[in-house]
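Order as written gives the chain letters A, B, C and D; numbering starts at 1 within each chain.
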Amino acid sequence: MRTPLFVLIWAIVGLALYLVFEIFGNDYLFFAGYIVLQYIVLATAWNILGGYCGYVNFGSAGFFALGAYSGVFLYTVGQGVDDFGTEGFGALMHLIFPVPVPIIIVIGGIVAGLVGLGTGYLTLRLRGVFFAIATLALAVVLETLVVNWSYVGGSRGAYIIPPSEIPIFGPYVQFLFALMIVLVIVALTSARLIERSRLGYGFATIRDDELAAEACGVPTLRLKLIATTISGALMGMAGAPFPFYIGYVEPASAFNLSYAVNAIAMPMIGGTTSWIGPLVGAVLLGSLQQLATVTISSAANLLIVGLLLIAFVIVAPNGIVGLVQGWWRKRSANTPTKTSTTSSAKPSTTSGEAKP
Amino acid sequence: MASSSLRLEGVHAAYGSVRVIHDVSVRVDSGETVALLGTNGNGKSTLIKCIMGIVPPAEGRIVAEIDGVEHNLVGMTTEQIVDLGIALVPEGRRLFPRQTVEENLFLGASRAKARANIKQNLDFCFETFPRLAERRSQLAGSMSGGEQQMLALARALMLSPRILLIDEPSVGLAPVLVSRTIDAIKQLKDHYNLTVLMAEQNFTQALRIADRGYVIVHGHIEFEGRSAEELNNNDLIRKFYLGM
Amino acid sequence: MELELLLNALVAGLLLGGFYAAVTLGISVSFGILDIVNIAHPAFIILGSYVAYIISSKFGIDPIVVAIVMLPFFYALGSAIYQIYYVSFERRGQEALRGLAFFFGLLFVTEVLLILVFGVDYRYVEAVYIGPTLHLGILEFPLRMLVPALVSIAMFCCLQLYLSKTFTGRAIMAVSQDPLALRLMAVDPTRIKRVAFSISIATAALAGAFLIIIQPVVPSVGRDYIGIIFAICVLGGLGSLPGTLIAALLLGIIESLTSIYIGPSWAPAVAFGVLLLTLAVRPSGLLGR
Amino acid sequence: MSDVMSTAATQAAPQSASGPILQISGVGKRFGGFVALDGVNFDVARGERVGLIGPNGSGKSTLVNCICGTLQNETGTVTFDGKAMNGLVAHQRTHLGLARSFQLPRPFSSMSVADNIRVPLMYTVATRSGHHLSHAELSDHCHELLKLVSLEAKGSHRVQDLTQVEQRKLELARAVAAEPKLLIADESMAGLSHSEVEDIVSLLLQLNERGITIIMIEHIMRAVMKFSQRLVVLVSGKKVADGEPEAVVQDPEVVRAYLGQ
């Protein structure tokens, strides 16, 4: 299936979802739906580095918060733009600010992507486990920096008051919901493109056997840096609209552990070897948690996610997609269908294993 | 001292689908030193690994007699086999590089029976290999090839073995060190009255201390020499040996 | 006056470092020596704190004594967890990605269970040495920091002796270097790894008791320590207990000086700044391989 | 012959035809106290068939790793096609036209057999030629290379389903896919049956005719003697002999090193 068709199909699905929520008419669906879509982007982003290359990122919350606080920073500058006066520089500032959210998303993505590149450069020559520990450390360093940065509200947090109404979409949350649908399509399309491209093969060889990959001419360090940058950027883009969605941002919420947990649990449960895995995992786990927050405490929420993660990792290492594939391969094995001899276009989806 | 011997009957072994050992029968009587000769890639190491349970044989019997008691080794784990008193000096020595000479030697004596006479074994090792005594607190990884070979031999002796298997002691050693290593094996064998099976490709060196020998080519025992002389002056052996 | 402030900051740093050493000991064994990335170790430390809290508040026994009594139970917990880890991951050679996720899940399940059982209000213990401070000239040694630090150093010495002087101890140091060679010493590597991992979880009982003595505890406090213990383990050099102890004391001092001269809110960033620097400049750490 | 093979031939032959394709001068490597390579020197001419032999532990594999960049030698330099390669990592050396098969096969386990061969085509050949191969070109090249090692029927199979021998052939095909000027075959015949050894030797001879210089590392003397124009013998990290195969095998120094004084 060509990429434009793929994008068109998901655009239609997104539009249909938006209209259905519009018809049911209450804001809760948009608020809950936004979070699930956000997790799809986050899980897909994590999987590009974790699933395709086999490098585990424990600091997804850090990259998410980088995007969120880029939004807070740009919003705060926009609020104070009058202090710059109206001539020369002031006029210029008036032109730029207040920055529309889609631009903030792009800026958030660039900031998080650069930090991903930096962390990768520092640690990717070492064993994979050092990168995992470095991302953990990064998230805490970033949180400490934000806590001590009063301009963006520091530990008190910052208030973001978006316009309550917006043309075409009506309530602001519906505009953010539409933006997040676009982000989901961007994430899914880029993950699928990577998978089928030369880059995807390179990532798979790094996951399977880095030594053999180098011998075949794959520039492993350069590819790993590309993966951390793309993964970081997508996470930053997922976080950028968060301040406008939540209204009040403090370090504890932006750096919340549930982002780190879900970013790993969803691809692991869904399946890590193709773009479908994180999507399935995010939709299942995301909606489960949205339903749960209405009924049980957020602590129980994390308990469900934690237990599911442990269960799937032990019982179904290749996730739901892996289970379906295994079942499909068994079924097609005993029904004699003609297996094509031409090589399959994309790496066959048995899950390889990460470097320790 | 009751007898300790080793018997292999009709042993076959394979790595995945590649057959490496074909119907090998070998005998090492008590107190004997037997050489398993052949250039690399003919299955010497694989046969040693079958005896030690590292590579499970596809078919055949492997029986070890330890102080008069018979044991069927096939199916036992490596650590169980070693615990009977069958020590192996592995190819490439496999020392613990980040631990000292003394710690490597103490690890060799982990077996219950060996812990009883650690003191004598340690003194004898330091006597036989004075260099090890000098370097007792040096990290094994920082020692030269020859010294590492001595330590690997000494470590196997710390187990108070009844049967000693040695897999290519000459590997990676400069020729002058190989003869010194072979002499050391002879000295240790006599002191402990060991039964020794040595896989070695260095034909002449091995025959200096071997009572008997087998030549293995492509996983088959091609020739069994009942004495060192018979093996030494046999053109057939040289032909087999160089795989002409 | 300035000198006194500095000296006491150094003392406070050393005592804090003593505590950090105890918290890191478990990871130094499981990650440093066994190459098992047990990211859930802090959860077991918090478990140790709550066990100390329940028993000492119910029966009035000193928390450290409680921890020592509980050592066998934590040891058993450790071997159970290792058995699951070995069967589902290590044996299948999938311990990298899957093993990390397993421990990550374990970290949250433990924390959340504690929240569900104990709620989120702070818990603390009473002990005779919490409160008074020992004065040596101008130096001040708050006992609630001094006692844990001393017991922690005692713990280090015992474990170091065990690892270097006993057969099992030497095997533990050897197993990650060459498991097959260990089999040739008539020693089963899996049993050795189980013993070592169980010891690492047992140390969490004592570390947990020290934690609740030093500060009131809520289930989520463990997460703040993930970074610090890995930072110290890497900084000290993987697989080296003396390296871990030195790195812990060093980090304690740096953090103590930072919070006094720059500001307490910057302290958490210190550990990670040091970690990122170490990974970039000298990944083998101070005394590491 | 197929176009993929002819491009390799044209590339290997002229260019800087003068001087050897590979120069190893004073290469040394140690692991802690253990000296694996102790100042090795030899050259390989273009299109030459060299046999590298020596008992286990003599440093053959270490030398290959130092040539291919998997390991960095502490002393001495490896010069390829007139270019000193110190400090170059493995993939850079592969792009220069140096390819190797691994002694123990290292396939990419999550990919099909054909995809394994696709990787060097996409990363080495494409980078060197500056243009990315189209999907059709890739499929043709893959099919061509699979046919070369008679694995064309197993293109879409998973790597785990291949036998040991087939995995060895895949290793060779993957190395050749990088269209190398110099191919190092590291013990690709260990444990094979008589006929299988013959297949591999004839395949390597075929590749050599197309202009690829080949270094064969083997224990099977029969294969090495048949294939090599020249033999280099390593013993415990040092070169002890280098010359015409028949002479080298009779050389008393070699016999002593191999069979002992």
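The rule is short, and it goes like this: a residue touches a chain if its C-beta (ideal position, glycine included) is under 8 Å from a C-beta of that chain, and two chains touch if they have at least 3 such contacts.
Keep in mind it's a predicted model, so treat the numbers as computed, not measured.
Asks: State, to the nearest whole Å, the distance from the C-alpha centre of chain A to the C-alpha centre of chain B.
Replies: So the centre of chain A lies 57 Å away from the centre of chain B.
Asks: On a C-alpha centroid basis, what's the spacing between chain B and chain D, in Å?
Replies: Computed value for the inter-centroid distance: 33 Å.
Asks: Rounded to the nearest whole Å, what is the centre-to-centre distance of chain A and chain D, using the mean of the C-alpha atoms as each centre?
Replies: 43
Asks: Residues of chain B that contact two or more other chains, please.
Replies: Residues 97.
Asks: What graph shape do the protein chains here make by touch: line, ring, star, complete or other?
Replies: The chain contacts form a single closed ring, each chain touching exactly two others.
Asks: Can you give me every chain pair that touches, using the contact definition above?
Replies: Final set of chain pairs in contact is A-C, A-D, B-C, B-D.
Asks: Which residues of chain B touch chain C in the complex?
Replies: By the definition above, chain B touches chain C via 52, 54, 77-80, 82-83, 87-88, 90, 94-99, 103, 106-111, 115, 155, 159.
Asks: Sort out for me which residues of chain D touch chain B in the complex.
Replies: Result: residues 31-36, 55-59, 163-165, 187, 190-192, 218-222, 235-238, 249, 256-261 of chain D touch chain B.
Asks: If you look only at chain D, which of its residues touch chain A in the complex?
Replies: On the chain D side, the touching residues are 68-70, 89-91, 94-95, 99-100, 102, 106-115, 118-120, 122-124, 126-127, 132, 135, 139, 142, 152-153, 155-156, 158, 174, 178.
Asks: Chain D touches which residues of chain A in the complex?
Replies: Counting only chain A, the residues touching chain D are 198, 201-202, 204-205, 207-209, 211-220, 273, 339-345, 347-353.
Asks: Show which residues of chain A lie in contact with chain C when the two form their complex.
Replies: Touch residues, chain A against chain C: 50, 54, 56, 58, 122-123, 126, 128-130, 132-134, 136-138, 140-141, 143-145, 147-148, 155, 257, 261, 264-265, 268, 272, 299-300, 302-303, 305-307, 309-310, 313-314, 317, 353-356.
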